[in-house]
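Okay, so here's the structure we're looking at.
As written, the chain order gives the labels A, B, C, D, E and F, with residue 1 at the start of each chain.
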Amino acid sequence: MPVQSMLLLTILTEAVLEDTMIDELMALGAKGYTISEARGSGTHGVRSGKWTVSGNIRIEVVGDAALIGRIVERLQAQYDRDYGLLMFTTQVELQN
Amino acid sequence: MPVQSMLLLTILTEAVLEDTMIDELMALGAKGYTISEARGSGTHGVRSGKWTVSGNIRIEVVGDAALIGRIVERLQAQYDRDYGLLMFTTQVELQN
Amino acid sequence: MPVQSMLLLTILTEAVLEDTMIDELMALGAKGYTISEARGSGTHGVRSGKWTVSGNIRIEVVGDAALIGRIVERLQAQYDRDYGLLMFTTQVELQN
Amino acid sequence: MSIEPVVLFFVLGVAAGLLRSDLKIPGVIYEALSIFILLAIGLKGGVELAKYPLGSLIGQGLIIVAIGALIPLIAFPILRFLGRLSRADSASIAAHYGSVSVVTFSVGITLLGHENLDYEGYLIVFLVLLEMPALVIGVILARFGVGPVRWAKLLHEVFFGKSIYLLVGGLIIGYVAGPEGIRPLDRLFFDLFKGVLAFFLLEMGLVAASRIAALRQYGAFLAGFAVVMPLISATLGTVTGWLLGLSVGGTFLLATLFASASYIAAPAAMRIAVPEANPALSIGASLGMTFPFNIFLGIPIYLWMARTIHGG
Amino acid sequence: MSIEPVVLFFVLGVAAGLLRSDLKIPGVIYEALSIFILLAIGLKGGVELAKYPLGSLIGQGLIIVAIGALIPLIAFPILRFLGRLSRADSASIAAHYGSVSVVTFSVGITLLGHENLDYEGYLIVFLVLLEMPALVIGVILARFGVGPVRWAKLLHEVFFGKSIYLLVGGLIIGYVAGPEGIRPLDRLFFDLFKGVLAFFLLEMGLVAASRIAALRQYGAFLAGFAVVMPLISATLGTVTGWLLGLSVGGTFLLATLFASASYIAAPAAMRIAVPEANPALSIGASLGMTFPFNIFLGIPIYLWMARTIHGG
Amino acid sequence: MSIEPVVLFFVLGVAAGLLRSDLKIPGVIYEALSIFILLAIGLKGGVELAKYPLGSLIGQGLIIVAIGALIPLIAFPILRFLGRLSRADSASIAAHYGSVSVVTFSVGITLLGHENLDYEGYLIVFLVLLEMPALVIGVILARFGVGPVRWAKLLHEVFFGKSIYLLVGGLIIGYVAGPEGIRPLDRLFFDLFKGVLAFFLLEMGLVAASRIAALRQYGAFLAGFAVVMPLISATLGTVTGWLLGLSVGGTFLLATLFASASYIAAPAAMRIAVPEANPALSIGASLGMTFPFNIFLGIPIYLWMARTIHGG
């Protein structure tokens, strides 16, 4: 398979949203996702990860610009005001 | 040290392969690697991380294009058909 | 909000430095950070994560080039000689 | 009255947090301990429940739940009009105070053991029954004439959220298996209960310490509310228990249940149902203030209230 | 026969999974509990083993292992020719059913306690001996005339994989230390065993729920196999135990061992040795179907079989 | 003297590491177990302490701490001039050997139980008192005339680091609550202690196995030091205990404390305070060599020494 240029979207948000986010991603057409535990701090204050309600997750989705655009738009409209949320994209080369 | 352009290879695969993968990377000449726990979903179905057999790991290797190329080639030939595996590269600037 | 080009600094270092690093980042003006557990290997040997003293953490900071530059300079001067430390930056597009 | 040693572990945790000790209890251990506590309480309740005719409890149950549902309705106007908090925040905090805390309840039971007082074992069932209505009322208060509610998601979150699920699951297993069937599990679930509670309080202390700062930021009104509201609820509970003819121990437990504020089920449910409410406020008040108030001062006061109303 | 309360925890776990409760037992707790169970079983076996002359067990051991090795050889043609599964899948599933399940065995022991039946303590050794041969046979079946096998890696995986390693390690420590030396550890490893097993079954239920869907996808044949195969194996075990002169309890345990299917050691070993086999099939069948079948229906049936053949 | 079964778990762990078994105890479980052990030891010490007049212990305490402070001062010149290690490494290793190991101490207490020997319960206090001075001396040795010290950070790390914090916290709770108050917690903290210690030793074995390689790299000198130094310290402890009029058990425990080397508190403190020291050296020596030496050979030797000096 030739190397393919894609976008990697990294979403940092609250652990309590895990199920909701997966549903959103799948509904918007993501082919897959990867989740890992994180903790941190931002405009919504310190999220120490010391107990579930205060933990963050990192969600990563690889996809084309259209998919990533749809996801960003939807999540920003739906969650940005009320929840800790940071999203950024990187250019990646898919290798397999 | 001047900033150096390098590739960061991110490998998402099954936790059961951790030891095997480390052996492969070292044999191919990687100078280091970083591993963290993950869970996710892709063409091989949901990998919930609820027990070991269903957990994923994220392996990250920073290296030059030649090393990363060797690793991608080898892992794709050896594991791509039978295991959950996603690999992508990003351009990174080494800072130290 | 228009998409904004930023740098993502990834710091891989020893878990024992977590508090110290957070203090440094905040003092240098970071607006936020994200931390997750990791294990790995590099010039300072294998860090298996099997117990606290041998664990790594991944610290990620999104910021402009000036902030990231200050952080890199400070951490390199202060910790690079004595601690396991790897830092690299990626170009990212902030989405929210 | 001598001090219950388990609460000293809470102090140890708070002090560790304030002194910036590097002590931390890993999140997964916290989760494992809460699963343990919820299951153990449920099992105990189920075994006790089997001793009473179910039918005779239904009437009492309805009365207690109806009176418990008053608590968020009392709390909401205080927060909204006296405290001038936003509608969402008032509703969310009211829901936290209407719901209950398993750990506060456990400390209450522990005290009864210490004082050699009996209680009606089936009261554990109310731990389950009282957790939910306040959350539903909180959402109604937040949304009334304002916006849509994701009821399906909310009700699922409440009924199949892990705390209710494990309490009810434990209740059923305890009820079905009975004291004989549960005996081989006693060594884990009952003998170790108090030790695990001590561990858990250590962790709660660590978390509470990190909440106190958030609370300070919101000033005296919320801190005052966090002390006065449990006293109001406990009074309601004491009178209800006495009118229903509960024993001294039972009256005390009902007062403690009413006085306790949720910090496990409610925060998760409110984060989904009323996301525009600021969780720092509600968790700061319930965990940073009301929880320590209850285990140190409230619980002895509620016991005194129960004894007094029973003429002891 | 009354129901064993520990299996109710499995039901609780399955229901949580199917109802999409947010209950989850963190992965590391699952790992810690399995280390506990493996060590405890090993220690118990070692203490028992010390009571018997080792020499006299060798003959019996060889017979039991040889007959146990028949199980994957019976399962493979059924899967391959009746079920038309691929060679790799047939071999991998056969290996799962030839190998054994520690938790099923533990539920069997628990039932014997419940029924006040004795058993030959050294049977725990067969838990260790029966785990391995089927895995090796599975790989041979998969590779026969087809491709190369990474034997070194596979054998290492089998012998030093954590389940065999901890069982054997516990056996040796129990054997060396004897009942007296182990006594101070009893409070952790033996008194809490059943409670921990309950916790573990809760977790197994959660995992099994997520496997049932995968199984459904592969249709009736595999589901049927997952019920019939343990009955065949149990019959083999019952006859073997009876011919070898085991007690009723011992015969029952051997039948249970033969009937149980692996879902800890085998999946990890097969993922390395026969990666082209689909793990959803083998784990779906062994954990989603055979495991619950065994603990609810199989185990009572095997006890009835053991009693019947002994003329009870 | 028969072997203490708990140390067999250490052997099991080392073997698993060397044989590259996939056995691993998740990091968070390790953390939870160390919190348990530290709290349990502290509680036990506090309960014991309440039996003695505090005043009478102060004189003894000062003497023991002063003599304990000699250990890093003896170790430093040996490492620096005989071993030709760098100033930073010599100082860091000296600090590890001057400080103490909770697990080694626990194995010592376990042996006393095994041998039916009494000991002065308040000795647990010295576990706390002896942990700190050596760390401070180590930093002074490393920095003397060389560079600045982050004293504030270091002292905070030492006093509020989790090991001292939990030991002291447990001591205070045990002292305040007394034997009666602690009784409901006994089931968790005391009855399970030895079993948890076994688990912990399994984990230590796994970690130690990974350290042995690092040690080999630095040659014979350090390996020799790791065996001779504890013998020197134990002799110092035996004589001190005898002169202070401790019982045989107490003398033995003091010798064991002096002989033990830290591998929890010291590595974390030295990593912050003397970062240019190589942690592979100090942890390799203390955990890879001295710890197993102590639990297998040292502890029996120290018991023999205590009995001999008491004329037994």
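Here is the rule we use: a contact is a pair of C-beta atoms (placed from the backbone, for glycine too) under 8 Å apart; a residue touches a chain by one contact, two chains touch by 3 or more.
Fair warning: this is a prediction, and the values are worked out from it, not measured in the lab.
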Chain E and chain C - chains in contact with each: B, F
Farthest chain relative to chain E (centres taken as mean CA coordinates): C
Chain D on chain E, rotation in degrees - Cα superposition, rounded to nearest 5: 120
Same-site or different-site touching of chain E by its copy chain F, using the half cut: different
Separation of chain A from chain E, taking each centre as the mean of its C-alpha atoms, in whole Å: 40
Distance from the mean Cα position of chain E to that of chain B, given in whole angstrom: 34
Distance from the mean Cα position of chain F to that of chain A, given in whole angstrom: 46
Centre-to-centre distance between chain B and chain A (centres being mean Cα positions), rounded to whole Å: 20
Two or more partner chains touched - positions in chain A: 36-37, 90-91
Residues of chain D whose C-beta touches two or more other chains: 20, 22, 24-25, 27-28, 31, 192, 268
Inter-chain touch pairs (all): A-B, A-C, A-D, B-C, B-E, C-F, D-E, D-F, E-F
Touching residues on chain C, where the partner in the complex is chain A: 6, 8, 22, 31-37, 62, 90-96
Parts of chain A lying in touch with chain C, wherever the complex brings them together: 9-10, 12, 36-43, 56, 58, 72, 75-76, 80, 85-91
In the complex, chain E residues that touch chain F: 27-28, 31-32, 35-36, 156-157, 160-162, 165-166, 169, 172-173, 176-177, 181-182, 184-185, 187-189, 192, 268
Residue numbers on chain D that touch chain A, as the complex places them: 24-25, 27, 30-31, 203, 206-207, 210, 214, 267-268, 271-272, 275-276, 279-280, 283
Contacting residues of chain B [partner chain E, same complex]: 14, 16, 20, 45-46, 48-55, 79, 81-83
